[in-house]
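First chain A sits with chain B, and in the next complex the same chain sits with chain C.
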Partner chain A sequence: MRAKLLRFTPMALITLAIAAGPLFIDDRYLLKVLTFVAINVVIVTGMALLFGYAGQISMGHAAFYGIGAYASGYATTTLGLPWIVGLFAAIVFSAVGGVLLALPSLRLKGHYLAMATLGFGELMKIAFIEAQPITGGPDGLGGIPYPRIGSFEMAAPVGTYLLAWGIAGLVLLLVRNVVTQRPGRAMRALHGSELGAMACGIDIVGLKVRVFTVSAVLAGIAGSLYAHLVGFVSPSTFSLHLSVILIAMAVVGGSGSLAGPAIAATLLTLVPFADAIIPGLSRDALALIQDWEADVYGLIIILVMLFAPGGVSGFMRRRRAVARDAS
Partner chain B sequence: MSLLEVRDVTRRFGGLTAVDNVSFDVHEGSIKAIIGPNGAGKSTLFNVLTGFDQPCEGTVSFKGSELTGERPHKVVLRGVARTFQNTQLFEEMTALENVLVGRHARTKTGFLAAALRLPGTRSEERLARQEAERLLRLVGLEEWSESPAADMPHGLRRLLEIARALATGPTLMLLDEPAAGLNNSETSRLADALYRIRDAGVTLVVVEHDMGLVMEISDEIVVLDRGSKIAEGPPRLIQKDPEVLRAYLGQEADDE
Partner chain C sequence: MGGSELLQFVISGLKNGSIYALVSLGFTIVYASTGVINFAQGEFYMLGGMFSVWVFATFGLPLPLAALLGILLTAAVGVVFELLAIRPRKDGDQLALIIITVGGSLLLSSLARHFFGPDELALPAFTAGPSVRLFGAAIERQTLWIWGLTLVAVVLLNWVYNKTKLGRAMRACAIDRDAARLVGIDTRMVVTVSFALAAALGGLAGLSVAPLTQTAFDVGARVGVKGFAAAILGGLGNPIAAVAGGLMLGLIESMSIAYLSSTYKDAVSLGVLLLVLFVRPQGLFTRSRKEKV
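Right, the complex of A and B next:
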């Protein structure tokens, strides 16, 4: 009972702190940055499933983020449909994309899978530019409204903050249930040995398609949230650069964990917005960080690979093991 | 009654005939060994029997209906489990989790049911755990239940793979060189486990190099050489079979 309480207390406190955030943060900019953190927690949870649990790689995840953003944006602006329909469209279209991307994954592994998914990402980026009537082409798609249910609008920064974190919390809860039970074990088995997984009666083809699809849908949901938060989407957002950052979050977070990638996503999202959390950071210093952003990520990945190959989750596991041995 | 019927199975790789027109039966409740020198086609035959490979010609029937053409996970669902010559454990998962993955075939909880914790998922999980713990005890690995497979000694890893195969609820289990790399005490522990498994109603087919073990445990032996079956019968007869002696010792039987 006591152990159970100890295990749940930190989660409850974190949840409470996040929910109460808008009460003591009156900096609009910081709230917006924290909303981006929530959006990235949603997408990185999908990456954690795909990469950290099932051992598959996608270098084209920005495409699903884009599909979600455009589907939601197009539905709510051009078609004038309600927000919830836009979100639904984002889920459906990213799911279709996920199934399409799963097809090469059935035949390819490792580097070859990385190349195929990278190709998919680039293909979709060009599609976003060329499908002008839907996406607005290089100029982008603007005037996307804030999420709204009936007459209840969730405006930035507080409304979108609470919505994004609400969805992130729900996603983490549902995905945690998946990874701790039968499907999660099957994914880890797939990661460990495909032959072994088949010998346990796991339909590895069906499992890969499911994992790719779920992970794509989470990226699509994140994309929809992004579109309604920013109000404007353009193709340059959904580039290889973003896909690489997502992989960085998953790698730094470590495999076989949801908390690790969520923490990594939080830290890495804050890098280009350092001025929001470090008061008094000079403009020049911020400009320097933003100019060197990609290099900072690259450096972090190299350092993690060299000194902490288990990433954040590996570090937490070691800490727990030390605590257990000490008691 | 014959549980597994192998009929005229041939598997060619390019110009090489790895398995050449092999037929034999496996009877329910027995332990059958497949032996032969390196490169005799034992592992290829194993892959064909378990859906990991398909024969060019011939058929495999299990409980009277055809097994050829089924994908590996379907073969497992039909009640045929296997282990591998190079153990295929899930290294980062604990021994208990490895066996729990073996329960995959006999449980149902999918993505949606797991995410929403639908009624039934919790009790299914609890029953699966009980069964996995029971199987770990059966092979004598209960003390290792929380250790990652990667941390276990070689001999125990083979037992763990057997427990995982058992978790799939098989009627027939195929073991690919279960004694490879085991010392004497580990081998006798393995033999004990195999008897317990057979007594629990699981028919066994064993590919093995350890002749002591093969002669001790098997009811019948199939001898392969360069892809063909050269002999079949009880251990006592196989030991004296001139063809077998020639294949193993490389001498002409009538040189003696």
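Right, the complex of A and C next:
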């Protein structure tokens, strides 16, 4: 009982702190940045499931993020449907995209999936630009309203903050339940050895398709949140660059954990918005950070894969092991 | 469409196809020695063009010398990348190596932006003068250079592969790395050399096309995807098939411009990539092999 209490106390405290955030943060900019963090936690949780548990890599998750954003944006602006329908459309379309890509490509080995997802991502980017009647073409789609249920509007920054973190919390909880149960064990077996997992009677193709689809849906949900937070979506957002940054977050987070990637997503998302958390950061310093952001991400990916393959979660595991030995 | 117009599209297709063939050879060489797709291959293409322009403009060297230095500098980057980022990961875990090359691609392109600047750059044509006429179609002189240089590169590579000790070591590595090590082949050296060769070929492609299409720090990824599409079209790991795949992809793209619209040029080659991956991942010219435990 006490052990259980001890395990859940930090979680409860973090949840409470995040939920109470708007009470003591009155900086609108910071709240918006923290909303972006929540959105990235949602999408990276899907990446963590795919990379950290199933050992697969996607270089096209920006496309699912875009599908979610455009589906939600189109439904709520051009079609004038309520927000919840937009979110539902984002889920459906990203799921369909995920299944369509996963079914043929997951028969293939790692680098083929990576290239297939990369090709799919680039193809979707062309589609976002060319499907002008739906996406608004290169100029983008604007005027997307804040999320609203009936007459209750969740406006930025507080409403969207609470909504995004609420969804992020729910997603983390659900995915945690998945990975601690039977599918999670199957995924870890898959990560260890595909042939071994197959020999244990695990339907590896079915499992991979399901994991990939779930991660695509999470990206779609994140895309919908993004569209309603910013109010405007354009094709340049959903680039290969974004997909690689998402990989960086998952890699830095480490495999076999959800907390690690969530922490990594938080830290890496805050880098280009360093001025929100470091008061008095000069404009020049911020410009310097943003200028070298991509270089640093690239370097971090390489360094983590070479010298700290466990990432943040590996570090936390080691800390916990040390604490256990000490007590 | 008239015959001469069609010929014009074929010429343009074979021009782009030669570029894809060179990039695709880079993928194939690294894949043969490591079993990994090098996602940074497109950046070598970018660096070849950028280094040549930089050497040419900064030091005022004659163009052939600038081009040669461009290739050598790109090859040097390939070697440094292998030594610093690939070799230290000794277990050769494929997922890890793929991710490292993804990071390398991001790092190389953004470093290039800092070093060469964000603007588009161009190299002058290798030989000035009007286009050559052929049955009513025009062939730019630079296109002749691209074909000639591609041919020289392929012949040289073929010679290295088939006639030299190094080539024998590389072929042995491609068949079975552990067995190659057992018979005393320095497999680590082979990996380094294959990165140098892949970078040199990518660099050659980038600098020979730089006079026709401008080059910039962010051109690598797109050409990388096309080069990979070409490699997979032919069948990974086979140099001749890689060249054939490159030329085919160039022609397919060109025909899609001729009969559809230039808007869908990139979409068509991405479609070819996905189609081949889904339907025949072992490529058109290679037989499939079952995975063994």
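Just a few scattered comments:
What we mean here is this: the second predicted complex is superposed on the first by the 325 of 327 C-alpha atoms of A that agree within 3 Å, B and C clash if a C-alpha of one lies under 4 Å from a C-alpha of the other, contacts with A are read in each partner's own complex, and residues count from 1 in each chain.
Going forward, a residue touches a chain if its C-beta (ideal position, glycine included) is under 8 Å from a C-beta of that chain, and two chains touch if they have at least 3 such contacts.
Everything quoted here is computed from the prediction, not taken from an experiment.
After superposition on the shared chain, chain A has more residues touched by C, the comparison being chain B against chain C. Once the two complexes are overlaid on the shared chain, A:I204 sits against chain B while remaining clear of chain C. Of the two partner chains placed around the shared chain by superposition, chain C is the only one that A:M59 touches, whereas chain B remains out of contact. Contacts of A:L195 after superposition on the shared chain: both chain B and chain C are touched. By the document's definition of touching, of the two partners only chain C reaches A:L306; chain B does not.
Using the contact criterion defined above for the overlaid structures, shared-chain residue A:L240 touches chain C, although it does not reach chain B.
Of the two partner chains, chain B is the only one that A:V214 touches; chain C does not reach it. When the shared chain is aligned, chain C comes close enough to touch A:P104, but chain B does not.
When both complexes are overlaid on chain A, the residue A:G119 reaches chain C alone and has no touch with chain B. Once chain A of one complex is fitted onto chain A of the other, the partner contacts of A:A248 are limited to chain C, with no touch recorded for chain B. Comparing the two complexes, residues 195 of chain A contact chain B in one case and chain C in the other. Within the complex formed with chain A, the chain B residues making contact are 50, 52, 71-73, 76-77, 81-84, 88-93, 97, 100-102, 104-111, 114-117, 121, 124-125, 128, 164-165, 167-168.
Chain C makes touch with chain A in their complex at residues 36-37, 39, 85, 88-89, 94-96, 98-100, 102-111, 113-114, 221-222, 225, 228-229, 232, 263, 266-267, 270-271, 273-274, 277-278, 281, 291, 293.
In the complex of the two chains, the chain A residues touching chain B come out as 174-175, 177-178, 181-186, 188-189, 191-193, 195-204, 210, 214, 256. Taken in their complex, chain A has these residues touching chain C: 55, 57, 59, 104-105, 108-112, 114-116, 118-120, 122-123, 126-127, 130, 195, 240-241, 244, 247-248, 251, 291-292, 294-295, 297-302, 305-307, 309.
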